[in-house]
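To keep things simple, chains are lettered A, B and C as they appear, and every chain counts its residues starting from 1.
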Amino acid sequence: MSWLNAVVQGVLLGGFFAISALGLSIVFGVMRIVNLAHGALMILAAYGSVLLIERTGLGTWSSLLVVVPVMAALGYLLQRLVLQRAVSISELAPLMVTFGISIMIPNALVELFTSDVQALPTGNLATRSVSAGGIAVGLLPLLTFGIAVVLIAGLQLFLARARSGRLMRAAADDSQALRLMGVDNRVVYAQATAIAFATLALAGVLFGVRQGGVAPFDGQVTVLLAFETVIIGGLGSLWGTLVGGIVLGVTQTLGGEFSPEVPLLVGNLMFLAVLAFRPNGILGRETRA
Amino acid sequence: MSLLEVTSLDAGYGDFQALFDIHLTVETGELLALVGANGAGKSTLLRTIAGAIAPMSGHVRYAGADITGQPDFMRARTGIVLVPEGRRLFPTLTVEENLLVGGSTRRDGPWNLSAVFDLLPIVADLRNRACSHLSGGEQQAVAIGRALMSNPDLLLLDEVSLGLAPIIVGQLYAVLPNIRERGMTVILVEQDLSRTLAVADRVACMLEGRLVLAGRPAELTREQVTDAYFGHGYGYLDTDSGAAR
Amino acid sequence: MTTTTQPQTTAGSVRVDRDRGRAMLAVGLALVALVALAAAPYFIGPGITTDWGNLFYLVTLASMWNLLAGYAGMLSVGQQGFIGLGAYGVFVFNDRGVNPYLSAVIAAAVVAAIAFPVSYLAFRLRGGYFAIGTWVIAEVMRQIIVRFESLGAGKGRTISAYTEDPILRKAYTYWLALGVMAVALAAGYALLRSRTGLALQSIRDNEPAAGAVGIRVSRVKRLVFIASAAGCAAAGAVICIRSLGVAQPNEIFGVGYSAIMIFAVVIGGIGTIEGPVVGAVVYYLLDKYFGQSGVWYFVGLGLVAILVTLFLPKGIWGELASRWHLSLLPVGYRTRSTPHPTGWLTARDHRP
């Protein structure tokens, strides 16, 4: 029973990994930029919630109403003012810039909040669970998984049907041709980055809620997990992030059955195995990485 | 007033200069054909007019305004649309989605999805297909339809017939009168002389980055045009005279 | 000879100039400096030489990262994996009775051997994904190392057997740091002046084109990846020996080392031999005078690296070099036309 339990928990954990990977996947899919600051930005968003809860008395969930739009706006500006310039310099420049950001954020957070864990209270949501067939499932992981499915379906629909979603796919295909159609590709890029930042903000707050709080350097773990999720699932597919997340989540929880110390290591080894034997990911078709 | 006025234009890529001192005017409603050999600078001139390449010097005026410094996407919004060499469709989008992206300028005019489908029935048949799976002729038809979707005043067609079977080229050329009957101005780049001379109001010949001959087809002899095309008597590539440039 | 019947060359010929003279001069000066630095412990107190050792491993690390990113176009944020392995390698061989200094050398060689299979995994990824992939690999290395009780598990450990005399120990450590730096710089320079260096630069400029003209792209990149891993491991061993052990596995395997390397290379000038040295000196000085000013210091480093990337992409050395046409250690090729008088062929043309 404990094995089945581990698999169920792993699948639900995969929902969280999928949410945290979406932003990385979108930014790479549309702009071919790998955002090394992805994890640090998640944690920044979680600290945004911490700050709002402290200063305004908002709850964790209602703080999302502020944090998500603010992070989206930050993404828009960062793309327009900084990353767009970096892309025009060299292939390495956007990597160096985002890595620089990933160093600045946690150190600034230490200075502003100390390196202690900051709590993100959610009432009793984190501890409540529902039981079915002898397996107790946490309400929070269940909710997270539900959010992941709805979010991915929504984004997929947006990209397939909405005008700006269509322009994002067109920009990913051929940004120069898009400009000849009267569309400023830089605006499209900034919109895509804004969406990516909105999802990573949500992921960051969910991370804090799951863990019971956030610490400044947590982003160094979350960026790697998000990245592994993208690669395992296969690049260029949003549903792939859910598959990648589930594979990674189940691997980790099964690893945890052996020893509480090894889930991260086992997950990383799973990632390396995928890299060695299925380099295009589980759902991947073409070589893009 | 001329719709387009190019004066003293020099342009190129990086250190490489491809256009030298181009002067060109195009009247509203006119069809101008640019002819010349490979590498003569025809495509570069179209791309410079569309704003995809910034000129090194000289000016481009459009509908009375100097647009030399205007970026490509702004020019598309004011009505200059290029059908680029190689079609450049969005391969992961369907035919219909390509057309809808083409309508992004949201300019008013006769062209919309159903007008394009009427003009090019083949495109209507393919509307839900991904563009990566189309033949060259189908792609070219979609590319023309996509450009029409933005209701341009000035349509720039680059090498429409490149790599296509003559029968398909004939079909594509057959729709030109329908496009023009609504007053659209067209600049056409073409290597096929006879086809060009048949449809054009005016022909301009380019040779090694320079405009060397321009006039109405009726006023030009075939020899004049072929001489300009190959450079005979212009001091270029002329092996008989023994004189290099 | 048919030369007399051939039409005479009037255009002059082209000679490929590799700045041999200037390169020899610079190498000579470097050797003099090396001898002087090697003699330093006999004249200068251990406090100062220990401080210089700090600079030496920074120069080593920056040069190794530059070799990867600046010459082979591979941006790694996982070199700390090799740094950590090099540091822990010292324990492994020292525990078996080898003195720590020789252990450092063996550790670097072993890490080079480990880097060979690792490269096959890492090279599955490109560009930015290569960057994060190397970061994951570094994490895996840390997570495996801390599973070993004999290596101190997650708590770090100290070197068990080292030279007792503190003066001598510090001198040996200094010489090791100096030697590692000298070998790293010399090997890097030799590599870049070799045919492989030319292949590397063509890969960096246009990888598909390089492949098309017959350069075995992945072989050349793999060579650089392994060389850089060995250099980073040696630097890691130096770091370990300098502090007589590893206090925190999280630190020696920490991404902070990548931050330092990237900072030094970006500030100094990526893609030049001299740039990383300049950048390492800048970082060394900043760290010496501002390093104690809390974590805002790191925020500042990140900000400066971003600003330099965006507004001074050639870095300090690159800017100076292009402004004054400087190059102490030229690795490039320049063609010079050597016009010769009509009807007279130079002796060079007849050389076999």
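By our rule, a contact is a pair of C-beta atoms (placed from the backbone, for glycine too) under 8 Å apart; a residue touches a chain by one contact, two chains touch by 3 or more.
Model, not experiment: these values are computed from the prediction.
Trainee: Tell me the shape of the graph of touching chains, choosing from line, ring, star, complete and other.
Mentor: Its topology is that of a line.
Trainee: By CA centroid distance, what chain is farthest from chain B?
Mentor: C
Trainee: Counting only Cα atoms for the centres, state how far chain A is from chain B in Å.
Mentor: Centres of chain A and chain B (C-alpha means) sit 45 Å apart.
Trainee: Distance from the CA centroid of chain A to that of chain C, rounded to the nearest Å?
Mentor: That gives a centre separation of 34 Å.
Trainee: From the mean C-alpha coordinate of chain B to that of chain C, what's the distance rounded to whole Å?
Mentor: Using C-alpha averages as centres, the distance is 52 Å.
Trainee: For a test of understanding, state which residues of chain A touch chain B in their complex under the given definition.
Mentor: 163, 166-167, 169-170, 172-174, 176-185
Trainee: Across the complex, what residues on chain A touch chain C?
Mentor: The touching residues are 28, 32-36, 82, 85-86, 89-97, 99-104, 107-108, 110-111, 220, 223-224, 227-228, 231, 261, 264-265, 268-269, 271-272, 275-276, 279, 289.
Trainee: Taking the touch rule as given, give the residues of chain B at its contact with chain A in the complex, in rising order.
Mentor: 50, 52, 71-74, 76-77, 81-82, 84, 88-93, 97, 100-102, 104-105, 146, 150
Trainee: In the complex formed with chain A, which residues of chain C make contact?
Mentor: 69, 73, 75, 77, 120-121, 124-129, 131-133, 135-137, 139-140, 143-144, 147, 255-256, 258-259, 262, 266, 270, 294-296, 298-299, 301-303, 305-306, 309-310, 313
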